[in-house]
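Each structure below appears as structure tokens.
One chain, chain A, appears in both complexes that follow, with chain B as partner in the first and chain C in the second.
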Partner chain A sequence: MKTATRLPWWKRIAVYRRAVQLLVFAGLLALPITARYAHYLSARSLDKTIDSWRGTLPGALMGLSDKALRLGIPDGEGGVATRRPRKKLLARARAFYGSAWSARLFGVSMTDLLAGVESAAASRTMRLVLVTGLAIPLIATALLGRVFCGWICPMGILSALARKTRELLVFLELKPFDLKVDPRAKYFVLAAGALVVLATGLPLLHHIYPPALFGREAHAWVAAVFDRAESGRTGFFWVGLSSASLFLLALFLLETAAAPGLWCRSLCPGGALYSLVGRFRLLRVKRKAAGCVDCSICDELCPMGLFPMTDRIGMECDNCGICVDACPTHALSYILKPPEKRRAGKLASAVLSLLFLGASTVEAHHIMGIPHYSYDESYPQAPVLKLVETVGPWEFQLTGYPGNPTPGVRTELHAYAVATATKKAFEGDIELEVFEVLAFGAKKSIYGPDSGRRDKSLHKYFPTYATEGNYELVLSFMDEGIVSTLRFPMVVGEPGSPWTAVGLFAACLASFLVLIRAVRIKRRRALGAEAAA
Partner chain B sequence: MKMNAPSPRTGRIAAVTLPWVLLLGSALWVASDRIAAPRAASGVAAAVDPVCGMSVAARTAHTHAFEGRTWYFCSRACRDSFAENPAGYALAPATGDSHTMRGIPVGMYQAGVAIVLLLSFGFFELIPTKPRGSGGSEGGRWDLTALPGVRAFLKRPLFIAWIRAITAAGFLFVIAAGLFGTQNPAANIAPLLTWTVWWAGLVVVVLFFGKAWCTLCPWDAIAGWVETLSGGGLGLRWPSALRNIWFAVALFIALTWVELGMGITVIPRATAWVALGMLALAIGSALLFERKAFCRYGCLVGRVSGLYAMFGALEVRAADRSICASCRTMECYRGGDKGDPCPTHQFLRVMDQNTYCTMCAECFKTCPHDNAALRLRPWGADLSVSGKPRADEAFLALALLSMTGFHGLTMTPHWGELTAWLETAAGSSYSISFSLLMGAMLGLPIFAYALLVRASSALAPEAGYRRLFLAYAYAMLPIALFYHLAHNAEHLLMEGPKLFALISDPLGRGWDLFGTASTVFSPWVTLERLWGLQVLFVIVGHVYGLWVSAATTRRLIPDRKRGLIAQLPMLAGMVGFSVFSLWLLMQPMEMRVSAM
Partner chain C sequence: MRPPGALPEEEFLSVCIRCRRCGDACPNQCIAPYTPEAGRRFSMKPGSAEEGTPVIFPRQQACNLCQKTPGDALACTDACPTGALRLVKKTAAEIREKVRMGVAEVDTNLCWSYNGSSCGVCVKACPFEGSALRAGQLETPLLDPEFCVGCGLCERACIRYPQAITIRPVARGAAA
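This part shows the complex of A and B:
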């Protein structure tokens, strides 16, 4: 960066902005953790979990939440001085819900503008709670502009990270592309998205909206960590790839290698919405023409691709303050400027049109009228495992409930055989034996052989897998004097997810390549310096 | 090579053509059985032997009728067992999903031992031969590059690269299948392609095409592309402490340990991890070190196949050494604008062994005199002229001998008894007793070999213990190689056909890409013919071992009579190893991929 005069850190807006962003990021993780805390607290199992998870990640998270939430609340409840103040703690823990998409903080519902629009468009309903939930963000945006984008949205951190990685690429002489997409594209994304949502009734936009995705990933990660801890696996682990993390990863790679700031500047439908409202903002960046030396540093640095040097800032400014920080002559500063009357009228009409969007009374499920705090992760799924194999004339079906068994928990297996030709079910006995596949290829029988429980032509078995690992289910049955055996693999837990191996390999390879290249460049520069001297 | 040949010229021709005659003969021998056999009347194509559980081709199988049904058997022995107690087997026949394969019959074993003994002590030693000079290696070659078009193809810049792109794609596919396919080893193509087709087939490739695997090697190909795309590596010198192949030897022993001990051959995911691990090693070395240091020093596949390739029937050499002698530019070693320098620091002017050549064809591109040649040659050509025996190579040769025997042993029922015995006797876990026994199986043959060399050196003190130890180790290579071949032939011919079913559903996801997913393929060979092949291979290996040992003796112990006597302990050792090989083949073998 060619900032001629670097301000001391406490005078730089960037420091405060980054601090706010990181706080929000920590808050995104804290919200689901606090929810878990409240859950254990209300189930009166908090002390037990903290004790039994001592020295592990989930234990540390619970201990930390306990310490933080107890700040300022004296110990003692029900006349016992040492007892944890449960009621007060619960009230405090339940004061936070949600994510960057939609949250309730201290009893006040707030929802992201895009979330509000999507919810209203999908349900074609405008409920009072949605109106009040939108009020604070709307007012904040009307006063401060797109500050949500510049100061709060976690995408800001990812984008900044992409810029840093880009600098590394430039240092490594890898010449990343620098593509520009017209910033107006985001209004198209917003309009098209809203139309599709309105037409189909499906809330689709949150699948591509980073603040929603970050919140969702945080919830999923926390849920997975604690769910696993409850079944005895307390180590750190990788949740695995979801569509959300893949989308974010793709954005990161795209911004790093091809188009810095692409998402926020040109594509984000939420950003478009905030820009529309931010038109009427009170807080603005203003240039004092007298101090300006036309150096164009601010134009180069603006992540939104605006031009402060020639006063072409417009409605897309998110008040990030990068240009204010960077200006060598301090010609740029924030000012308060009330909107003109003409514009105030437009603001009122925009808010009104938003409020009366849709007329029917389709009910949004669960929390009436306000978007979900988080999505799938709130409703644990129990995937079913289905294995099919053909032996001779029989087609064999083995179904497991759940499909990804938890160690130590009784599971259910259903076996069913049907003749492929006659479609008649097999009526004889089917025996199941379960083996644990140990290292060195050894196998240990942990269940059966057992002919299970008959339910008409369905054969039911109830094995329990003691530990995480690979198992083999061996089914045998006798038909016309011939014993047939079938072997099905069963994986309990995640004994080495393939993605972990691939991810680890790719990450190690990438950092190794970077290292090699850096060493080569350093070496060449040293040679060049030697030659010059 | 054929010392009793009528004239040197016919002898040389016979020596060069022998490997190919043997290959063709084996193929015909295997195929003729199926071609000649009448189609099974019942229309059944493949059936399961009710005694041992092997799947057999109905048209070549032994049959026995019982209660109006025809039963099919892999061998006469199985049929006889069935005939003794037909009701018992018919009621509870063996199923097809795991089986124990019968070993060679006792009569064949005894005949094999007799032939081995006869060859060793009967007449082979009495044939008078002249000692050869080192120039003898140049006789009996057939230059393939003299054929029209061959050299032009090898000189094309992208010819090898295209071949490598194909193998690399296959390699990545195997990794993907191992990681993301079903973890049921019988339904995933990764274990079969890796362990049965590639690892077992490697021996056949080396035997006939020398270092051709290195030409195809996907590890080096990918590492090379990564190096090019990332703009080049650091080009450090390979550490001098590692300028030997001990690291590769350790890798080979470690691979055998995880292969047989941890049973990664039946864990698709672990198979993929091993492949990725090797890839990491290859990429890491390519970026850190100059040329292809990993191929030269560290790669276990390169070193194992390199040592075996001293025996192989194909070589890259200077066509005319006198042109090399007058060459001042040395492009083959230093590289030029048409190609890279030799990646493994070989220099055509002096190169007289296949071991460290990767057959990358760069010297064909760089040599301005078109003096690089790709030649067919007799088996064992490098072994008879072995120039500078090295301790690390000698140890690898001995490790190959003991590890291939160990490999065979672990598939016999004795292995289970042995480990079970140690587990109860020493109270150790399976993994510990496995490791202990593997250590013993690695150490004992080498110890026995050392004792035998001690005896030889006592009989001929002028040769020196160390020299004899290193030189005779190379004589063990043919024995190891051909037992390896006999053992792997079983895997390839018996399990190989399953590939055609798996190719339709490589990940075990219920696909049927080529319509062969649910076809049951019977083995390519009947058991009787396979046994014949196996015994033949062991005997051929033994003969070549004798020949190399005789050549070594002549070189180290000039006095003919003392040489003959000093060689006796070695002969006893070789007979011992060959008889052990035959004994192993006699044992029933538990096949590694279930549900064959």
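This part shows the complex of A and C:
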């Protein structure tokens, strides 16, 4: 195999593609952070939050968003020179939100084609808002092909990471598998998914679609960072494993150990959809037969398993440019090739019919404003707890403040029961006992049983939780001679999961083993080289 | 309970793509994805179809109908890319017509004003004060369910634990 002549970095498409992908990745986090920024700004609590979180991660993130969004907008509102131009900033911040699944960028709404198909199929209607959001991705894909897959989708980064990890495995002489699944499998995934969505009437493909999952995880992470900060916890925390992150982790491990590029090439239903839409694209990779030396480097490198060397590229090319970069004789290049006339007509009619499929009109209304009284500020408040359970005719409520108590601080719990039919309050005694839930389901009573302090129909209890952890609140009461008990869960602080420790230990152990093996291989190779000399 | 302008529950579940945009757009950050963790503090658990859908827990943060927010439509309805939340302009008439997240309910056993101490916080919080919620003697809340849109500001404002005024969601099976 010939080695490719390496182009200077500014001529390599891969550099620009990685830059775009990393930008998208950063954007996935930046968008929910911008949404938070807009929230604090509209609640007029931005300076307060930035001040009180100084020197912590959420504070830094807020300060950074503030600086970024204020670029180019001079201060001065209401005649005060130093005042932040709140309205302009708010308008700017609110032009950006969402994720790779559906986003608003520069005020323009864009929705993933798969999301559009899913929503339309599940509900069997096509709403005008959906169509307008699909317009840009649809037109871009029709003209440029699957560029979303190659240049934007965050899965691209994960796949690249899996390839890099594979290189490490190869270096460690671990010989990862190299399974190939027919690329056409993804059309079956798409068709089967569409059928299931049609049959159940529920959009389900977003559970396995990486752009949606990455967006969801980014939102969850940002929400966790700022929600914690609002309740005074700005330190480091471990993110719990959600189904989305587990799915992505499984994909990563699978691509690393068994089949590089498996998801994008062979399984992704979104990739299948983008391939279909991008079939008659204008931008494509073209081979100059005169310059080609039949070295097959491009065929080996193509992440989609296509064959640029023999011009068998087809609709699945995502214009990633890896083959263009790698070609030693520069025989491959991008061209703009208008589709043949007949095809162009088909393409135009397909786009148009999709655009106007069952579109409904939007009602226009006059703007009058609504009654005036409410909060000026919508500041965050410590969360509360309201546990409800129905027993016979009674609806039991156990309310608490705060909802997530701090260890060692006396808390307040109110029990209250009302008959759902007669609206009469329960007059008997209600006892509370609090158990600490220890490892392996063992329980230790830490409070009560106590019948509490009566305040008319309320029963008040004042337990103190000594440590962070999971607790169980048990209410017992007697109604018409029958004793009933109710059990409610209670979380104090952030107990954390034993799985975090297990995971951390496993990661340390794995990297230690990798290190040992790498050192051994290095030493052996050095000895081999010596012997050869 | 669902954000304002939501389609009927079953239709909503099929149209919504769980993209989190309404929650991002909400200036009051009251819309959260419905997860088991989010529901736990309110004794609620999402069904498998409901997981990740937008939900409002009024006690935690209520919908303030985008009052004092720039824009001529409710932000979440403007943000929704699929029409699962129908566009609702910020006019009293349109909000009354299209928004019905739930209906408030007063528990007279708990309410201070019904038990001899004048309070009236919920009446003051109501964006439709005078029609949906009026103050009676000792500022007792008098509710007209016809005009209540279920925004939850009264529940959020209630100083009683447990809240004497709560929102019952309109769609059964819906959250909150």
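One rule holds for everything that comes next: the second predicted complex is superposed on the first by the 384 of 533 C-alpha atoms of A that agree within 3 Å, B and C clash if a C-alpha of one lies under 4 Å from a C-alpha of the other, contacts with A are read in each partner's own complex, and residues count from 1 in each chain.
The rule is short, and it goes like this: contacts are C-beta pairs under 8 Å (C-beta built on N, C-alpha and C of every residue); 3 or more make two chains touch, one makes a residue touch a chain.
It should be emphasised that the depicted structure is a prediction, and the values quoted were computed from it without experimental measurement.
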Touched partner set for A:Thr485, first chain B, second chain C, both or neither: first
Touching partner for A:Arg520 - first (chain B), second (chain C), both, neither: first
Dominant toucher of chain A (residue count), chain B or chain C: C
Contacts of A:Ala122 with chain B and chain C, given as first, second, both or neither: second
Contacts of A:Val502 with chain B and chain C, given as first, second, both or neither: first
First (chain B), second (chain C), both or neither touched by A:Val388: both
Touching partner for A:Ile335 - first (chain B), second (chain C), both, neither: neither
Chain B versus chain C as contact partner of A:Phe512, first or second or both or neither: first
Chain B versus chain C as contact partner of A:Asn470, first or second or both or neither: first
Intersection of the chain A residues that touch chain B with those that touch chain C: 388, 488-489, 491
In the complex with chain A, residue positions of chain B that touch it: 90-93, 95, 97, 179-180, 182-184, 186, 226, 230-234, 261-263, 266-267, 269, 272-273, 276, 279-280, 283-284, 287-288, 430-431, 434, 510, 518, 594-595
Interfacial residue positions of chain C with respect to chain A in the complex: 10-11, 13-21, 23-29, 32-33, 40-43, 49, 52, 59-61, 64-65, 67-72, 75, 79-84, 87, 89-95, 107-110, 115, 124-130, 153, 161-163
Residues of chain A that touch chain C when the two form their complex: 31-32, 35-36, 38-39, 42-43, 87, 90-91, 94, 97-99, 101-104, 109, 111, 115-116, 118-119, 122-123, 125, 127-130, 133, 201-203, 206, 212, 215-216, 219-220, 223, 362-363, 365-376, 378, 380-381, 383-389, 397, 399-401, 403-404, 412, 414, 416, 418, 423-425, 456-458, 488-489, 491
Footprint of chain B on chain A - complex, ascending: 388, 390, 439-442, 470, 481-485, 487-489, 491, 496, 498, 501-502, 505, 508-509, 512-513, 516-517, 519-520, 523
